[in-house]
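One structure coming up, written as structure tokens, with questions to follow.
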Amino acid sequence: MNLDVQTTIAWIQKLNDKIQSNKDHLTSLDRAIGDGDHGINMARGFQEVSKVIEGAEFSSPSDVLKKVATTVMSKVGGASGPLYGTAFLKMSMANKEETVDGDGLAGMLEEALAGIKQRGKAEKGEKTMVDVWEPVVEAMNEEFDSGRLREVAQSSMEATEELKATKGRAAYLKDRSIGHLDPGSVSSFYLFEAMAEALEESE
Amino acid sequence: MNLDVQTTIAWIQKLNDKIQSNKDHLTSLDRAIGDGDHGINMARGFQEVSKVIEGAEFSSPSDVLKKVATTVMSKVGGASGPLYGTAFLKMSMANKEETVDGDGLAGMLEEALAGIKQRGKAEKGEKTMVDVWEPVVEAMNEEFDSGRLREVAQSSMEATEELKATKGRAAYLKDRSIGHLDPGSVSSFYLFEAMAEALEESE
Amino acid sequence: MKKLINDPNDIVTEMLDGFVAAYPNAVRRVPDTTVIVRKDSPVENKVGLISGGGSGHEPAHAGFVGHGMLDAAVAGEVFTSPTPDQVFEAIKAVDSGAGVLLVIKNYTGDVMNFEMAAELAEAEGIKVDHVVVNDDVAVEDSSFTTGRRGVAGTVFVHKIAGALAAEGASLEEVKAVAEKVIHNVKTMGMALKPCIMPASGEPGFELAEDEMEIGIGIHGEPGSETKKMASANEIVDELMEHVLPELELSGSDEVAVMVNGMGATPAMELYVLNKRVQEQLSEKGIGVHETFVGDYMTALEMAGFSITLLKVDDELKKLLDAPSKAPAFLK
Amino acid sequence: MKKLINDPNDIVTEMLDGFVAAYPNAVRRVPDTTVIVRKDSPVENKVGLISGGGSGHEPAHAGFVGHGMLDAAVAGEVFTSPTPDQVFEAIKAVDSGAGVLLVIKNYTGDVMNFEMAAELAEAEGIKVDHVVVNDDVAVEDSSFTTGRRGVAGTVFVHKIAGALAAEGASLEEVKAVAEKVIHNVKTMGMALKPCIMPASGEPGFELAEDEMEIGIGIHGEPGSETKKMASANEIVDELMEHVLPELELSGSDEVAVMVNGMGATPAMELYVLNKRVQEQLSEKGIGVHETFVGDYMTALEMAGFSITLLKVDDELKKLLDAPSKAPAFLK
């Protein structure tokens, strides 16, 4: 369960694939409780990410993630751009080894979560991507495992449906936000699902 | 077949009744080849005409028609306002007798037509109310007869359907104006039909 | 019909009151009329400039009342030209003895009602003249027909004649410059969606989701042609193809441009359209003196736009650049 | 989806080019960015004032660039806040050494992206500060949530802070007056019809023919409540009921009023609405310093409007009255 350059690239390309094929889904989730652009933003940004990392030379996962971070920051926009941008930047700074092991991965995700929370000032329970990232980090801190990563990401993503938003655009809807999945939590689930798949395939 | 004050009032009230109950019809005719306000304009104006002449004292048909003229001019607007206003004014000026006979009536209509043509600069065949007024005047100049009045007004109104407009708003549509009745010709038909009915009932 | 109105019968009077309430220091309503005048009317020794027509074209015509532009605007019912008595009230309110010029858009109703008002005024000894604007190239120009409609180009007539009148020019001079503008201004418009008459609740025409109407006027009436929907660039190209030849422009000529929204066209789209208009002009080597993008002469909540080109010389440029305090045309 | 556009992916860049093409002597686009700046940027010894946000709000924000208002406007994709690198480009383009103030509307995305740009600029030694506008009273004001949105009231922040900056005030002074405006400006809006995102072709919400959306923002998102359609007067009364108490106005107070169209609302309706707004204020004895009626902060082709009230004192009145050359806010 180790992350090297190639696995990192595979992870990000898989993430891009999921985003592109779920673009309309993410957008329509955002239409229900936001402004209907989350899929469009993510698809635009990760399209560019995918292009930029394809065929480029990288010396470490940190190197790849830094490129992802700056591209996301300048191409996604909206709320998700700076948040994912910060998350990737923090991951890239957390561990500079050529191959990152399970403990290293857990540490990277923990740093990313801290960055997201600092940037967005949201806590768990406010119906944002934090509601996926925090349970994932807690579980991976116990033991990093790709199956469990996918499981926790999915169940906590699904649990956002019943939450009432107090941060992000969905907060304007108050009780009307209940009963809809949080779009950023769904894209975060794709991120973790892609990570799990890439790690499993690299074994 | 004589027109006195009471018959004049009856004529105008009947005309108003027809306009009010055909308001939507006139408007939708105008929507097809104009700007969709002819019924609205006529209904607004003749509503006021009806109110103004009701219960008022008049010494002659000319007197009534003058009141109708000034009210129409200040309440109808659009193209039809000045045209009908002019028509009623010319009728009022053409004959000041207390009771107007058939010849007098034909003379009044002739003056009205001259006024309409002078004001609107349209000739017969241009798909305007002139296409009803001119045949009516020609026929009534032979012999004034209420049955024939109704007949000629109706058939010439119906004949406007096949004409191509070269005056008024419908002219902008060029060939697209063919196949629709001219709204001002239909309201002119109501005017003559109301006149025929009032004259017949007064006998 | 979904509109932000109260009783459709009160729409004109409420609109006029709401307009005056927005600019109470600049304009007033002549009591018991649908006439908006400059608050300081009549202006001593100045030719009075009056325009008007049916309502539904806002900010036209009241929005162009102000120092450097109109002295009065006369409002009719929605899309229905005002009656002679109302126009006459406007004439009386702005006449200072220097004479009054009526700017009429070429519609049978407007021409007749304004002419009748002029007759009433002349009978009272007021010097009145008029010009008829006919800038819409969508309509055939023939002396055997009603002729071309007056549309957005009228705004340039207001501005330029108003600037000359503000300089103290005579009625003859103001009329002459208005006619010069009329001779040099051409417009064509199109619609994506019709507008709905408040009194009837009905649209002026029906368009499928993939259709547009080319060659429309400003009264919600059908255009000269219904076509398949096209891109912004294709639409601009088509309208320019009609407008440009009419002005017989050569390389050294300059124009003023108006990209006019019809009421429900967002500014974003108008800018996108303007990009192509300017590209077309610059490709042809035609200079642009000034560009106006926005809602100037609308048709209720119609979605669509028109392109107006005014060929300008030094005189017209100077007058176009002159100051204006009209709320909808501040300069 | 019927829009006057070309490829939805090019809409922002074409809109920006079309805007610059309309006012080539006043503004320019910073090459390879979505930043519009005053042509004469950076202005010596003047605090630079920057605003921006997602596109689709035209004439905001580029329309407010000009002498006496903004130095730069940064455009994001439609309804998507611009990225830090773009905002950073704007900061660099307008900084003359006197410092730069960012006017941010209170959306998570805008706040984060602009703050990150400020961090980048500070790292390069540029003095940058920011204010966050949150005038939308449709949203609960709570420190536990995102807080209130920034909507049309932002235009008053641009105008007043811009006027003070034009006088040569310091960054601290310009920030202080911007915060004073923010403290005194409240807005609430509604929609008759949603707008359609160009990239997805979908409306932000659905409304039946007899429904309206109250408490909407400017991004096509659903409002706080869906209600049965009502008359113009009833709607104004409802919005005023929310806005007025927030300002705690008393008899001797004065306000500036903005009746802002959302993009597809005809001026006629805005005037009808303004009539009632002014009646309400005058009934309550509140003075009106100045009224603005028109499209200032839109949401694509949404039909609807917002009412903004700004409580003004002598300082704010003077700055509001100061000249402005911004194309969408000429004074």
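Which chain is which? They are A, B, C and D, in the order written, and residues in each are numbered from 1.
Here is the rule we use: a residue touches a chain if its C-beta (ideal position, glycine included) is under 8 Å from a C-beta of that chain, and two chains touch if they have at least 3 such contacts.
What you see is a predicted model; the values in this text were computed from it and never measured.
Enquirer: Touching subunit A and subunit D alike: which chains?
Expert: In this structure, no chain contacts subunit D and also subunit A.
Enquirer: Moving only from a chain to one it touches, give the least number of moves from subunit B to subunit D.
Expert: Minimum step count, subunit B to subunit D: 2.
Enquirer: From the C-alpha centres, identify the chain that is farthest from subunit B.
Expert: So the chain farthest away from subunit B turns out to be A.
Enquirer: Taking each chain's centre as its mean C-alpha position, how far apart are subunit C and subunit D in Å?
Expert: 29
Enquirer: List the centre-to-centre spacing of subunit B and subunit C in whole Å, with centres computed as mean CA coordinates.
Expert: 32
Enquirer: Once you find the CA centre of subunit A and the CA centre of subunit B, what distance in Å lies between them?
Expert: Roughly 76 Å separates the two chain centres.
Enquirer: Averaged over CA atoms, how far is the centre of subunit A from the centre of subunit C? Could you give it in whole Å?
Expert: 55
Enquirer: Touch graph across the chains, line, ring, star, complete or other?
Expert: Graph shape, chains as nodes and touching pairs as edges: a line.
Enquirer: On the basis of the stated criterion, which chains touch which? Give every pair.
Expert: Every pair of chains meeting the touch criterion: A-D, B-C, C-D.
Enquirer: Please give the residue numbers of subunit B that touch subunit C in the complex, ascending.
Expert: Listed in rising order, the residues of subunit B that touch subunit C are 24, 27-28, 31, 33-37, 39-41, 44, 73-83, 119-120, 166-169, 171-174, 176.
Enquirer: Residues of subunit D touching subunit C in their complex?
Expert: Contact set of subunit D toward subunit C: 2-6, 11, 14-19, 21-23, 55-56, 58-59, 63, 192-193, 209, 212, 229, 231-233, 235, 259, 263-276, 278-279, 291-293, 295, 298, 300-301, 303-305, 330-331.
Enquirer: Note which residues of subunit C are touching subunit B in the complex, please.
Expert: 54, 76-86, 107-109, 112-113, 116, 138-140, 144-146, 149, 197, 199-200, 202, 204-205, 217, 219-222, 224
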